[in-house]
Amino acid sequence: MQRIGVFVCHCGSNIAATVDVKKVVEVVSKEPGVCHAEDYPYMCSEAGQMKILEAVKEKNLSGVVVCSCSPRMHEATFRKAAERAGLNPYMVEIANIREHCSWIHKDMEEATEKAVILARAAIAKVNLNTPLKAGESRVTKRALVIGGGIAGIQTALDIADAGYEVDIVEKTPSIGGRMSQLDKTFPTLDCSACILTPKMVEAAAHEKINIYTYSEVDKVTGFVGDFTVDIRKKARSVNSDKCTGCGVCQEKCPSKKSLNEFNRGLNTRSAIYTPFAQAIPNVPVIDRDACIKFKTGKCGVCEKVCQAGAIDYNQQDEIITEKYGAIVVATGFDTIKLDNYDEYAYNQSKDVITSLELERIMNAAGPTKGHLERLSDGKAPKEMVFIQCVGSRCSDTRGKSYCSKICCMYTAKHAMLIRDKYPDVNVTVFYIDVRTPGKNFDEFYRRAVEEYGVNYVKGQVGKVAPLPNGKLLVQGSDLLDNKQILKEADMVVLATAIEPEASVRKIATMLTASIDTNNFLTEAHPKLRPVESPTAGVFLSGVCQGPKDIPETVAQAGAAAVKAIGLLAKDKLTTNPCTAKPDELLCNGCSQCANVCPYGAITYENKEVNDHGIRETRRVAQVNSALCQGCGACTVTCPSGAMDLQGFSNRQIIAEVDAICR
Amino acid sequence: MQELVNRAKELLANGTVQRVLGWKAGDMAYNPEPSYFETEADLSDFVYDAFCGANLSKYMIEASKKEGKTLVFLKPCDSYSFNQLLKEHRVDREKAYIIGVGCKGKLDIETIRKQGVKGIEEISGASMDDACDTLKIKTIYGDKEVSYQSAMLERCHVCKGKDHVVYDEVIGESRDTVDGERFSEVQRIESMTPEEKFLFFQKELSKCIRCNACRNVCPACSCRKCVFDSNKFDSAQKANVDSFEEKMFHIIRAFHVAGRCTDCGECSRVCPQGIPLHLFNRKFIKDINEFYGDYTAGEDIDAEAPLTHFEFTDREPNEERG
Amino acid sequence: MSHRDYSGKIKEISGVNPYKCMKCGKCSATCPSFNEMDIKPHQFVSYVLNGDIEALAESKSLWKCLSCFACVERCPRDVKPGKLIDAARQIVVRERGGDYLSADEIPELLDEELPQQLLVSAFRRYKR
Amino acid sequence: MKYSYYPGCTLKNKAKVLDRYARSCAEVLGFELEEIENWQCCGGVYPLGNDEIATKLSSVRVLNEAKEKGQELVTVCSACHHVIKRVNDDMKNVEDIRTRANNYMSLSEPYSGETTVLHYLEVLRDKIGFDKLKEKVVNPLTGKKIGAYYGCLLLRPGSVMAFDNPENPKIMEDFIRALGAEPVVYPYRNECCGGYISLKEKEMAKSMCDTITESAKGFGADMLITACPLCMYNLNKSAKETLPVYYFTELLAEALGVKEEADEE
Amino acid sequence: MPLNENEFRPKIVAFCCNWCSYAGADLAGSSRLSYPADVKIIKVPCSCRVNPMFILRAFEKGADGVILCGCHPGDCHYSTGNYYARRRMTLLFSMLDYLGIEKGRTRVEWVSAAEGVKFSQTMNEFVEKIRSLGENVRLGDLRCKN
């Protein structure tokens, strides 16, 4: 029987307002094994932790139960406190009487009763706890960054600058990401390319950074400190070592009908192409679906014109297997498909465009060479309408429930730039709310209104109707005037909701990183661990975690890098001691457990055993505790109960069940 | 039968096997029991007839630990159990010389008794050689006749098949005995109301005396130490008032053998209280077949077992049976 | 029944949770009868929330809504303003004397081509 | 293929052509419409109130008839289609309405939305196929520029009607194309004609129809087609622009060569 | 809300995966999304750690309902654990149904760490269901002694 101390936290009034902590102390002190019980306003405070230290020493406690907030908050704190008192840290259990009790119940009697039961379950468990010792595992001093946009580039630069090797895997032919598609950036109106390209060049030139473009992550195994990743380098059909980036192949390529992805499909490109002029690497790829040589076998123009002999039609996908200690996900975003919003006539009219498409139109390298013109007839618009929140803040089934965060600001930017460059163009913005928290953001928006005369109308648009005269009739609300507005516009720009890049789902599954209903990666704690995934060793950078603008993305990228560096700086990691452990005498050697182990941690060995005097060689299961992650799948397949999970043993869980159902 | 004895003697004599695992005549005509035969002389007691229902595969676990090979006689259905044990590394194929024996349906003495035949002295028609459609039974109350088919064990009415799935040689022919639907009884229970289901099982399980005969005979229940006998789950508290084991024994046992049970029917055959224990196992088999595709434990040792395998598209637990 | 109760009744009949509204005005932007209405579609939510059912009941808007479901289709918050308006209309027509259409006025409204469908529909919407 | 068929009240007198040609074309296209016996009027509008049960029962009756025959139910009139399809959805998905409606009806087996409700155009698209329809055309309507008028009831709410993209539908355009004519796409084809409002607010309905016909004419339409007698009535009252309006079945009959002489222009 | 002495207060055990639904329950807590106190959560490292014996044990000890919450299929922290749990629970629940234990007493729900709302909703629904089923007498009484 253990000697257990129970500590009930008030958490100020967070717990004590709903749970009668004194009553809990009184009741649990009568539980078997409990030889000390007390309450304290803040157990997590230094003074609170001292309470544990003192009691362990004075009463010679062998186990501790803390009734407090979620173990996800302070389990580590209390385990450390116990360790300081000389107790094995795994002799501590937490009864979650805040998140699972005081915060969700109103009735004191009811909440107190539940708190007592939760405490009893924890006590029953601790009674069966055994000291556990954490093992150690090595750390591969190399990081992988998935995604080569501004988030990935910044993270890679920061990690590399700290002296660690970094690989960037980017699925398109060049790094640069969404930021390379932007024309100007808010709130300073810097040219996007001017501030991005130096970073791209720096990354490419960095001796610690290795960039795999036109590549994807195929497979991830292993765990924190020791991931093994298969990277698929897709066949570029161009030998990167030989190519000089002269661009002749692209000029001469006879297949020029493919939609230009970089320009959001607003114009076309050749089958052999680099996405944009500043692409890194400046090595084209052949789009095999569009290439005449690949489709018909006849052509080969690029091969003929290439002085360097770099064209290689026989190139195959290549799989590179590499080990990493840390992985940073920086997969970014895309705009949502607008097929559910045909009331805005995006599919019906070429002159209804998304904001990202407007970026390309405004950009000198874009489809209109930077001239603001209608894509239908090339005419300069006189009347422009911007519609905010298209697909954002929609709690119906059509759109996204969240605010995309960046639209208010970039729309102000677009409106301002247009009014600045084309003062004869009228700009009207239909908005629901203008959200501009951020340094110099609201000032920026007000400048658009006050100095540039952008017409902001509070109210959503209900319909955009193309007119026979080529104009667009915008039917919107002016809620402040209580009017329905009918406005003829030449162009309509939709502030389209952003969503995580589609590939993130597959990547999250490979990394076993959790993902929310909107496909944003979940952070380990929404406030306190915002750049870490709940999966150890996986960090989050940029919009893959949630909508954010460039400064926030860069800040988060740096934070993710710091977290990764913190991990890579360690030589060894302590491993989770809650691993599976077989009882050799009970093991049948049936291999069922090995069949369900996701880590290949279970092997079988013929081993001499002494079963109560009977010596014989048996086939018994062995668990490699460095590989075992402690899921427990094996324990349930084992009919004899030979395989058990330390820290979550059959008897411990049954003791909890019994305590709850008592 | 003599052919089996002759072949066994031959194999013992030429040193291929060290011992023979078969059936030995019991004190009555209808209760032969499993036995080892070490010498040619021992084999005089050997018997193989329609009452040799006992599945010898489980004995091979212990036999696998002995020196040299053991000759074992397996009926077609027994061979599934052996194969399953092989899959689970419980028996050593190298230590077994398997003679697959023909089977014409095994008889159940209780079924005969239920037909009003009491005081049995002698039964003819049950040997493998003269197996015929009618059993002639000599009783202290005079001669009786019972049809062979009507006296068969439940499992033979829904026999898995006449072919052995593992053997070194096969002696004797098997007869097609199937005349029932394997899952009809399970279906009948499934269609009951919850109340009726509960009353049915309560009535049956209340008969259990926890003699462990089912567990001891079951080739899938071959743990070195049963979970109910160890303290791993706090489930074995004999002296305690705890009733977990009492109430849950059969459900847990069925779960532990789910996906591994070959439906050999030994549990029901040996239950002294006549509880239809196979109805638990067969429910799992039926569900597995329906939910995850047909699977017969022991048929193919390389097949993925249903509970250590999954598909991304598996049905959800809360789903109603469609 | 007090006005508060009416407010509850409207929520019950329509199944609409007016708190879901984020006041974007897309319903009013979309409504083909907007100009004929005194209380605009986007205002219905506030009237229900404020319990100002009397004004709602006397509103012309009740009889101008076409039940064309454009607002229902386009509402980003799934508030279904059209259902809310219909519920207010139901409250009125279900009360004695609340009908907006009486059989007596029919003859003068008829013409040669008028399909019976029109009469049936109008009666359903305007009358108990 | 045999379908249960629900014509609805207006198709029995003012909109007889809509009904007649639906039947004769079905014959040509090789499917059979079996009129539900003793059907009752659907009520013209779908009762929106969650507590409206009695007004939904006539639809339930029809739906159940079709279920008992094991047939899918075909409608032609947009209003009937809207009402019956939505009631069916309620019976399938809204437990309260299902329970209460079944309590009213004394059916041998409760009805819970088993019947599939199809609009005639959906039969053409999903069962016959527009390419097959094209093969059967004997008088292609070449050269005709036709604006499809959908109105609101066929399309909305999109989640229930599931007829086509409610904001940018194309089923009628595909239909027009199959008949050999040229569809004219115009943005007001899914806006309301005024519906029942035209009984008391004639001016309102008129101005709505003006917008529609003006838009269609602006994009070059010579005529409009509709599936709804009420839309037909309202559109014909449009003051500003006048475009001939036809039921879609009339054009179908013409293209399939079964239009009756009396109706020929 | 005073406790009514006669009101049926079910005992409900919720096994929650540490990586998803346990955190989802934490989120429900910090978002103050209430659900009845009848639900008591036991933390497990993964839904695949839940042995059918635990569930039977709970019922035998007087639980009126048992719910298992894990990561959505495809999102298991250990890649595959929830898939095994899904098969095990499918078979176990089907067996319990076969034995006449009302199907509503057992449930599996996939709740992610981000789904505090779903966690609370699920628990409210489950408690509601168990309250409508009343006290569980059957599994505790499957084998009445003669």
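Order of writing sets the labels: A, B, C, D and E. Residues in every chain begin at 1.
The criterion applied here is as follows: a residue touches a chain if its C-beta (ideal position, glycine included) is under 8 Å from a C-beta of that chain, and two chains touch if they have at least 3 such contacts.
Not measured: the values here are computed from a predicted model.
Number of steps on the shortest path from subunit B to subunit C, with steps defined by chain touch: 2. Path length between subunit C and subunit D in the chain contact graph, taken as the least number of steps between touching chains: 1.
Where touching is counted per the definition, the chains common to subunit A and subunit E are B. The two chains most heavily joined by C-beta contacts are A-E.
Farthest chain from subunit A (centres taken as the mean of C-alpha atoms): B.
When each chain is reduced to the average of its Cα atoms, B sits farthest from subunit D. Between subunit C and subunit E the centroid-to-centroid distance comes to 44 Å (mean Cα coordinates, whole Å). Taking each chain's centre as the average of its CA atoms, subunit A and subunit D sit 48 Å apart.
Between subunit B and subunit D the centroid-to-centroid distance comes to 66 Å (mean Cα coordinates, whole Å).
Shared interface positions of subunit B, defined as residues touching 2 or more other chains, are 233, 307-308. In subunit D, the residues touching two or more other chains are 167, 191. Annotation for subunit A: residues touching 2 or more other chains are 343, 463, 596, 637, 650, 654, 658. A list of each chain pair in contact follows: A-B, A-C, A-D, A-E, B-E, C-D.
Those residues of subunit A whose C-beta lies close enough to touch subunit C in the complex are 343, 389, 393-396, 398-399, 432, 458-463, 475-477, 479, 482, 484-485. Across the complex, subunit D meets subunit A through its residues 159, 165, 167-168, 185, 187-188, 191, 215, 218-220. Residues of subunit C touching subunit A in their complex: 20, 22-31, 34-35, 40, 42-43, 70, 74-78. Residue ranges on subunit A touching subunit D, taken from their complex, read 339, 341-343, 345, 347-348, 397, 463-469, 473. Taken together, the subunit C residues at the contact with subunit D in this complex read 12-15, 32-33, 36, 63-64, 66-70, 72-73, 82-83, 86-87, 90, 100-101, 109, 113-122, 124-126.
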